[in-house]
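Quick one: the structure is below, questions incoming.
As written, the chain order gives the labels A, B, C and D, with residue 1 at the start of each chain.
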Amino acid sequence: MTKFMRRAQETGKELAYEAARMALDSCGLRIEDIESVTMGSAPDAFDGVHMKGEYLIDGAGAWRKPYMRNYVGGGTGVFAPIHGWQHVASGLFDTCLVVCEEKMSSCRPHPQAAFLTIFDNFTERPLGPNLVWIFALEMHRYMHVHKIPKEKIAAVSVKNKKNAMDHPCAQLAQKITVEDVLNSEVLVWPVQRLDISPTSDGAAAVVLASEDVARKITDSPVWIDGVGWNLDTAYWTNRDLYYPQYVENAAKMAYQMAGIKNPRQEIDFAEPYDPFDYKELHHMEGLMLCKKGEAPDLVWEGVTQRDGKLPVCPSGGLLGVGNPIAAAGLMKICELFWQLRREAGKRQIPGDPKTAVAQAWGDLMQVGTVVVMRA
Amino acid sequence: MAPRVAVIGVGMTQLRSIAPDLSYKEMMFEAAVKAYNDAGVDPRRDVQSFICSSEDFWEGTSIFDEYVPDQIGASLKPVCTISADGLYSLITAYMQISTGLIDVAAVEAHSKPSEIVSIRNIMSLALDPIYVRPLAADPYFVAGLEMMRYLHESGNTREQCARVVEKNRRNALENPYAAYASQTTAQDVLASEAVCFPLGKMDIAEPADGAAVVVLASEEKAKDFCDDPVWILGLGWCSDTPCLEAREWGEATYAKVAADKTFKMAKDVRPKDLDLLEIDDSFSYKELQHLEAMGFCKEGEAGVLTEKGVTAPDGEIPVNASGGSLGMGYTFEMAGLQRLCETVLQLRNRAGEHQVKNARTGFVQCWRGIPTASGAAMILTSEGS
Amino acid sequence: MKHVKGKMPVNFLYTAGVAGERFLREIKENAKILGVRCRKCDMVHVPPKIYCERCFERLGEWTELASEGQIETFTMCYFDADGNRLAEPEILAVIRLEGANEGIIHRVRKIRDQQVHVGMEVKAVFREKKDRVGSVLDIAYFEPFAR
Amino acid sequence: MSIKIKEYAGTPLREEDLKQGKVLSIGYWPKAKYNWSAGVAIGRYLAELKNARIVGRQCDKCGRTVVPPRMFCEWCFRPNDRWVILKDSGVVNTYSISHIAADATRIKKPLIPTVIQIDGTTDAGILHLVGETDPKKVKFGMKVQAVWKRPEERTGAITDIRYFRPIER
């Protein structure tokens, strides 16, 4: 992966190249060994290129190869390896290079402007909505239903920004307190400045291989044992936002495939999607890592710290490392890989983690994408 | 041997130059209802995965994936978008079924260019922002450059390209789905105004609104649901360089590689075994270029074959008997899926007035349009059901 | 209510990138066109990249190209990017500069005696230095020339 | 291989680098204009807003009445059955207090974006604003009613409702 940055000099193609090159080098493969490529990237309105997937082909190492772009909004970063898995598990290919890229800084004056265009053209856009509105609405509903105090949510931001201090690519690593979060600028109550991940430029890449080929390349492959994805209705105002049913559905699909019956006991650590602090909690519940409404207590009690019983976002997450949308999701897959191979350096969680789950989320608070990996 | 995957149902709306009365959701619903009825499936009960096809700037909405599930019966189900032609989405469905994880999948693509105020402006946004876009040129220049070099290298002529338009527009007269059927002559095409010489206005397929849904199933489920499944024998896709500067302009390398992969996968099928081709003709010269690149004839031969009627509906290799994009209308990310639907109708002997006699095995291909060099191909058969 | 008008209300600012920065700076400062060589593929890429798209190796061997080359293909555009008819058609061409294996896309003007054709020799006409800003338009156009 | 990698690629820039031209960049203002077809369901919805009425659609199979209207039931996957004229009142399902505009710039008077469950529907909400109240006084479950623009100001848009205001139970 590349550094995650507020603004990168590199073009989107160059970011994609740096990540893809690193992924190939890390497993000693040449581009000729790659049989297929899949690209994950979020709205074209960030990079400012229509058919962005086509534009990125050469940087992603897909010259004259089978290449497609998958796209499920914010969920893309974890869907991309699922799409890559489909390439390999279908038997069509032995290898697939998965690349995710985002260059949000191209969008001016602020990438937020692009988010206006995700709303319904007839019933929502004329109201002048801001992206943060809908998350504030969801967060508030979640807080209301479970009577959650804001401090417990803020603790997620504190943890992740601290974890990110050990991540060499991090954009917003910092030591902050719960009070700092609660005192930060109110954007759309209950969302405050420090509840939010930044906008970023960056790319990440992973190489997938079939079982036979993987064993030839490395002695310590990390296996994709479960995949799941799910999309709820577009009529988001018609649902109860307090619980992400679509994440639960995606998780069930992935757990069933991975033979996981009791996720709370069988998952050693997790990288749920955390573009906002409350989302980490929301997603822990959707991933069935705890009961509904219980996640805020777990973070408050330190259970989700790196040395806790259930480490959550040991990477530093989107809140700390940064949020180049699709690349941020794939960063979580990278983290699972590094942690499960015990190569995460200062970020390494103690013990002997064997099974982990990564998840991303997107569209209009609608998509869940889940991958279970095992050492 | 890998388990087989079949198309078990198709549904398509009638293509129209403009469909102002319906929203894209309502068009998708119509196509989905038709496809599920054709396949005999209940989407809420039987379909396990849905794959949609869109590009944000065609829609005017970012993250269009948000708006797809409800009208195709996919809410709270596995759904994803492939930012490409519907044929790519179909390939993704094929892969999903081949993994064993999914038994029945639905693929959707649609087209609503009548909502875009200026298609040229959107096309320009796909050009490289540093090296190409500053030239502020009509984006059709990409096709102009390619047509010029292709004719230069292959020896085919503008007249022969015009014959393709004549053939496809006339083929469309027999196709009730088509939006641009006409008694056009090659002379009309040559006399149409120049856009990016040698490309004239009538060399360009006109845009059309429409929606299509296709249902796929694993071998076991296909036999449960369907009496006349159409099997996918081979498929392939390829992207050549996106950089216009680095392109080999005369050759459609993406089509050649995709077709090679497709034939390699469909081991026993050779080009002469195919009963019909539905291939990209979004510009007149593209049909000729694609025929040559994919090995259906020698380089420089496609024009003559067209003149001789070899590619006519009653010819030796019927090409775009449906009318193709030139006759039916160009439907952007739906173009490949539209050709697939037409091919499936043909292979099931349900194409009506434009039925190709004894059509059993067909070939479908798409190109992603200006400024790309990406495309996919597929071979399907109704034999061996 | 049948229709609602709307747009994608976004503006963009694109960085030239690592390779683009050097390429465009050289045009701006010195009116020189640079390519980058891939030894493995025995090719010179232009515009330059930090990588070879074919072999995916990192590239760093920059090389100066001639500002003359041949038209590989061309087209005559009768409309502008918005679809408005132009007073005079604009010729756009792919120009393979001497020493390069790829072609620059640019305008060709000042065609007088002969018809534009594939294989025609053309050379770059740069803007005055004071007018150059670090863009491909610092090359005003290409024009025919005789050796 | 995190521990084996010494250096990660990426050249971070500051806003000044771009503004002062230390790094080359190119601006672009795309002309991306559309004329979206509202279709049958939203077409009628907007037309009725012009009449100061909120309409929904009802499905006989599951019995749900929903707004914004669509011509199909997404859960039953069938065409739904009839138009229903709804009240222009509802309850607050969830709300927020926005201090920023769509482009992330700060606004002086905060807005109250709210999901309002429209009376007569099956818990179906719409996104709109709550007004005529102190943001601190908004409550979950609070009853609100539409405040319409004057007839001559209405254009057949969601903004024909200026906002929803709290009403006594």
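What we mean here is this: contacts are C-beta pairs under 8 Å (C-beta built on N, C-alpha and C of every residue); 3 or more make two chains touch, one makes a residue touch a chain.
All of these numbers come straight from a predicted model, not from anything done at the bench.
Visitor: Could you find the chain whose CA centre sits the greatest distance from that of chain D?
Guide: Following the centroid criterion, the farthest chain would be C.
Visitor: Looking at chain pairs B-D and B-C, which one is connected by more C-beta pairs in contact?
Guide: Of B-D and B-C, it is B-C that has more C-beta pairs in contact.
Visitor: CA centre of chain B versus CA centre of chain D: separation in Å?
Guide: 36
Visitor: Quick one: chain A and chain B, Cα centre-to-centre, how many Å?
Guide: 33
Visitor: Distance-wise, how many Å sit between the C-alpha centres of chain A and chain D, to the nearest whole number?
Guide: Going by mean C-alpha positions, chain A sits 26 Å from chain D.
Visitor: Can you list the residues of chain A that touch 2 or more other chains?
Guide: Where chain A meets two or more other chains at a single residue, that happens at 7-11, 45, 48, 58, 63, 108-109, 113-117, 120-122, 233, 235.
Visitor: Which parts of chain B, given as residue numbers and ranges, touch two or more other chains?
Guide: If we look for residues of chain B contacting two or more partner chains, we find 20-21, 57, 60, 62, 69-70, 75, 118, 121-122, 124-125, 129-130, 134, 241, 243, 246.
Visitor: Two or more other chains in contact with one residue: find those residues in chain D.
Guide: 11, 13, 18, 23, 26-28, 30-38, 42-43, 46, 70, 74, 157
Visitor: Would you identify the shape of the chain contact graph, picking one of line, ring, star, complete or other?
Guide: complete
Visitor: Using the touch rule from the top, collect the residues of chain D that touch chain A in their complex.
Guide: Going by the criterion above, the answer is residues 1-5, 8-15, 17-18, 23, 27-28, 30, 34, 36, 38, 42, 45-46, 66, 68, 70, 74, 93-104, 113-115, 123-129, 135, 140, 157-159.
Visitor: Per the contact definition, I'd like the list of chain D residues that touch chain C in the complex.
Guide: 11, 13, 18, 23-38, 42-43, 46-47, 50, 156-157
Visitor: Please give the residue numbers of chain A that touch chain D in the complex, ascending.
Guide: So the residues of chain A touching chain D come out as 1-10, 15, 18-19, 22, 26, 48, 108-110, 112-113, 115-116, 120-124, 126-130, 132-134, 136-141, 144, 168-169, 185-191, 201-202, 233, 235, 237-238, 240-241, 338, 341, 343-345, 347.
Visitor: Name, in rising order, each residue of chain D that touches chain B in their complex.
Guide: 26, 28, 30-43, 70-72, 74-77, 79
Visitor: Tell me, which parts of chain C touch chain D in their complex?
Guide: 1-8, 10-16, 18, 20-21, 24-25, 82, 134-135
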